[in-house]
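Please read through the structure below; I'll follow up with questions.
Letters A, B, C, D, E, F, G, H, I, J, K, L, M and N mark the chains as written, and numbering starts fresh at 1 in each.
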Amino acid sequence: MNNIGLTAMISILAAGLTMAIGSIGPALGEGRAIAQALTALAQQPDEANTITRTLFVGLAFIESVAIYCFVISLILIFANPFWGYVVTKAGG
Amino acid sequence: MNNIGLTAMISILAAGLTMAIGSIGPALGEGRAIAQALTALAQQPDEANTITRTLFVGLAFIESVAIYCFVISLILIFANPFWGYVVTKAGG
Amino acid sequence: MNNIGLTAMISILAAGLTMAIGSIGPALGEGRAIAQALTALAQQPDEANTITRTLFVGLAFIESVAIYCFVISLILIFANPFWGYVVTKAGG
Amino acid sequence: MNNIGLTAMISILAAGLTMAIGSIGPALGEGRAIAQALTALAQQPDEANTITRTLFVGLAFIESVAIYCFVISLILIFANPFWGYVVTKAGG
Amino acid sequence: MNNIGLTAMISILAAGLTMAIGSIGPALGEGRAIAQALTALAQQPDEANTITRTLFVGLAFIESVAIYCFVISLILIFANPFWGYVVTKAGG
Amino acid sequence: MNNIGLTAMISILAAGLTMAIGSIGPALGEGRAIAQALTALAQQPDEANTITRTLFVGLAFIESVAIYCFVISLILIFANPFWGYVVTKAGG
Amino acid sequence: MNNIGLTAMISILAAGLTMAIGSIGPALGEGRAIAQALTALAQQPDEANTITRTLFVGLAFIESVAIYCFVISLILIFANPFWGYVVTKAGG
Amino acid sequence: MNNIGLTAMISILAAGLTMAIGSIGPALGEGRAIAQALTALAQQPDEANTITRTLFVGLAFIESVAIYCFVISLILIFANPFWGYVVTKAGG
Amino acid sequence: MNNIGLTAMISILAAGLTMAIGSIGPALGEGRAIAQALTALAQQPDEANTITRTLFVGLAFIESVAIYCFVISLILIFANPFWGYVVTKAGG
Amino acid sequence: MNNIGLTAMISILAAGLTMAIGSIGPALGEGRAIAQALTALAQQPDEANTITRTLFVGLAFIESVAIYCFVISLILIFANPFWGYVVTKAGG
Amino acid sequence: MNNIGLTAMISILAAGLTMAIGSIGPALGEGRAIAQALTALAQQPDEANTITRTLFVGLAFIESVAIYCFVISLILIFANPFWGYVVTKAGG
Amino acid sequence: MNNIGLTAMISILAAGLTMAIGSIGPALGEGRAIAQALTALAQQPDEANTITRTLFVGLAFIESVAIYCFVISLILIFANPFWGYVVTKAGG
Amino acid sequence: MNNIGLTAMISILAAGLTMAIGSIGPALGEGRAIAQALTALAQQPDEANTITRTLFVGLAFIESVAIYCFVISLILIFANPFWGYVVTKAGG
Amino acid sequence: MNNIGLTAMISILAAGLTMAIGSIGPALGEGRAIAQALTALAQQPDEANTITRTLFVGLAFIESVAIYCFVISLILIFANPFWGYVVTKAGG
């Protein structure tokens, strides 16, 4: 039963830390992009459409990095092949 | 009973740290975006609508990263599949 | 009795650290937003209403991140399902 | 008696660190906000009322984060449910 | 006698670190606020009263955070309930 | 069964950390690039096409670094040759 | 004799670190305040009195934080209640 | 079988960390280069060709550093001579 | 003889670290104050007296923080009450 | 067989970390150089030849540092004299 | 003989670290002060005497902090009371 | 055989880390120097010869620091006197 | 023979680290001072003598800090009183 | 044979780290000095001689710090008195 406990512990820890550490970069990056977008809007109100569109495409790029982390985190919780193997083996 | 204790400990620790570390990035990012929004408002009061709208959409993007962390944290506390397995096994 | 002690220890530690680490980001972020709001007020006193309103909505966003941490921290102290299970078991 | 000692130790350590780490963010954030308020006052003495009012509301927001930490810290010292359980059990 | 020693050790360490770490934020924050106050005084000598008053109210806010740490630190040294319990028990 | 448990643990941990740490750089880098793109748009609206095109090619470069991390992370979860060897051996 | 040694060790270490770490913040904060005071003096020599007075009141605020650390440090060396208890007990 | 387990563990960990840490520098460096390229484009739209060409050659230089890391990471997973030796020996 | 060795070790280490860490803040703070004083002198040579006097009073404030550390460090080496107790006891 | 396992582990870890840590400096340095080159190009399009030539010679200097790391990393994997000795000895 | 070895080790380590860490602050602080002095000289060559004199008095203040560290370091090597006691005891 | 294994391990690790850590400073320093050289070229194209010559002499200085690290790293791998002694002894 | 080995190890490590850490501050401080000296020279070529003289006196101050570290490092290698005692004792 | 192995290990590690850590400061400091020299050259081409001469004298100062580290590193590898003693003793 040792392997089950250790695999569970590490999966929980890794899932949490992946999302936690993985949120720092995207959040700061998005904050910076939005901040500059607002400055740009204030400087060139006439280009609001171009600026907003470029901003949202860019945010999607950054958000994708956060989503990679979220995906890895959820895989580690709900679709973890190592856990599957260990549980199957313990159940046999 | 060893596995139960260890899984519980790690789940508690991971849930706490996920939310704690995961709050640094979004809070700083939102602070920056809002700060710049206010500067922009002061520069271009006439564009208050566009600026405020862009700000709130942007804040929603950043907040979503914090919410990913909150979700992972709550899953680890209340819907933790590893804990479920370990408890079920111990109860059998 | 080992599991009870360990679960209690980790819950206490995690509750404290969650709130402690979780206070850094929001406090700094709010400080930045307020600082910029005051600069904006000094530049455009006529827009005091818009600026103050945007500031308070923004502060609510940031405060919400701190409150997530507070909620997780209180859950870990007063509504901790792992502690509940371990105590129930020890009492049985 | 092991659990009592460990729970006491961790409670003391967590209470101290929660307040210690939790003081960094709010103190720096308030310092920044006040610093900018004074600059704003020097730029727009006529708006002293609005600036001061906004500053104090903002400081209350930041202070609230420090107070969350203080509350958690006092709960861990004087109203710690884990300590209560462990002591009750040891006394039984 | 083990619990007494450990509780004493941790209380001493926590009391020291709480005050030590808790002094960094307030000291830096106050330094910043005072520095800006002096700049403001040099820019607007006529507003010396408003600036000084706002500064001192602000410093009181920041100092309060340092005092929370001092209070926690003194409680841990002189009014530590965990130490009281452990000593009472050892004396019984 | 020892090797299986250890290999599983390290694979989970490494997969999580690879994606988590690997998200910091790309997210911050993309945030910076987008922020500057918006400033550039506001300065030279007539060059919107060139700027946007250069931005997206550049983002693809940065995103490729994040994707290397994602690939390594998925390989470690789903196509890990070390795990394959260890499982095959254990099954023989 | 174990408790005496451990309590002594921790008291020494905590006293030293409290003062050491506790000197960083105040020294940097005072440095900043003085530096700005000199700039202010150079800009507005006529306000030397107000500036110097505000500076010294401010330095007293910051110095008070360093003195809290010094007090805690001396208490831990010369008026340590835990050490008193442990020594009394060992002498009985 | 000990060597197999340890070699596998370290290879997995090293492969992950190499790519993870190795992504920070290139991503930030590319972000900076692209950001400045866009500023340059906005300043000198007539030199778009030279700027873009220099940018892409430069990005190739930086990307090459990331690719060194990727290569080392893949070698450690799929062409690891130490693993090969250990497995061959275990199979003999 | 164990307590003597441990107390000696910790006293040496604490004395060294207290002075070492305690020198960082004051040295940097004084450097900053002096640097600004020279700038101020260059801007307002006529106020050299006021500037120099304010500088030296300020340096005395900062130096006092370094001296607190030096005092604690010397107390730990030459007037350490814990060492005194332990040696007395060992000699009895 | 112990030495073989340990030497293999350390070689793998060192090879990975050498390349990983060794990529941070060159990538950031190249990013900075390229960024400034583009600014220079925008300021002095007529000197494009000199600027580009100086840039590429400079990048070669920086790249050489990254290549030192790559060389050390490959030597540790494929031409490691310590591994050679240990394997030869084990095979005798 | 155990205490002698440990006391020697810690004294060596503490002496080295005290000087090493204690050199960072003063060196950086002096560098800053000198750098600003040269700027001041270039701005006001006529005040060279006042500036140089103030600089050297200031450097003496900073150097005194480095010398405190040097003194502590030499005391720990050549006049260490703990070492004296331990050696005397071992020789008796 | 223990000494052989440990000496090999530490040599490998030290060789890798020496080059890895030793690449950070030179790469960043060269990046900064080159960046400023390009700015200088753009400002004073007529002095291209002096600037380029000074740059390359300076880069040679910085590169020499990186080469010291490379030399130490290669000595540790291929001309390590400690390894030589240990191997000779083991072979006797 | 245990004490000899440990004292030798710690002396080697401390000597190396003292010089290594002790080189960071002086090198950065000197770099800053020289950089500013060159700017000053470019601004006031007529004051080259005063500037150069002040620079070299200042560099001597900073270099003295590095030399303190070098002295401590050499004392620990070649005139280490602890090593002398331990060797003498072992030889008796 | 234990002392030989440990002394060798620590000497290798210390030699590597001394050079590695000791390269960071000088390389960054030289980079800064060279960068500023080039700016100065671009501002005052007529003073090229004075600037270049001052730069090279300054670089020699900084390089001397790096050479101290190199010397300590080589002493630890090729003229290590502790190693000499341990080897002599083992050979007797």
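As a working rule, contacts are C-beta pairs under 8 Å (C-beta built on N, C-alpha and C of every residue); 3 or more make two chains touch, one makes a residue touch a chain.
Composition by chain, UniProt nomenclature: A, B, C, D, E, F, G, H, I, J, K, L, M, N = ATP synthase subunit c.
What you see is a predicted model; the values in this text were computed from it and never measured.
Peer 1: Smallest number of touch links from chain A to reach chain G?
Peer 2: 5
Peer 1: Could you name all chains that are in contact with chain F and with chain N at the same time?
Peer 2: none
Peer 1: Mind checking the centre-to-centre distance between chain J and chain M? Centres are C-alpha means, answer in whole Å.
Peer 2: Each chain's C-alpha centroid was found; their separation is 29 Å.
Peer 1: Distance-wise, how many Å sit between the C-alpha centres of chain J and chain L, to the nearest whole number?
Peer 2: Centre separation, chain J to chain L: 10 Å.
Peer 1: From the mean C-alpha coordinate of chain G to that of chain H, what's the distance rounded to whole Å?
Peer 2: Centre separation, chain G to chain H: 47 Å.
Peer 1: In chain L, what residues contact two or more other chains?
Peer 2: Residues 11, 13, 15, 17, 19-21, 24-26, 28-33, 35-37, 39, 41, 43, 55, 59, 66, 69, 73, 83 of chain L each touch two or more of the other chains.
Peer 1: What kind of graph do the touching chains make: line, ring, star, complete, other?
Peer 2: ring
Peer 1: Listed in ring order from chain K, and going the way that reaches chain M first, which chains are there?
Peer 2: Result for the ring walk from chain K toward chain M: K, M, N, L, J, H, F, A, B, C, D, E, G, I.
Peer 1: Chain M touches which residues of chain N in the complex?
Peer 2: Interface residues on chain N, with respect to chain M: 2-3, 6-7, 10-11, 13-15, 17-22, 24-26, 28-33, 35-37, 39-41, 43-44, 46-47, 50-51, 54-55, 57-59, 61-62, 64-66, 68-69, 72-73, 75-76, 80-83, 85-86, 89.
Peer 1: In the complex formed with chain B, which residues of chain A make contact?
Peer 2: 1, 4-5, 8-9, 11-13, 15-17, 19-21, 23-39, 41-43, 45, 48, 52, 55-56, 59, 63, 66, 69-70, 73, 77-78, 83, 87
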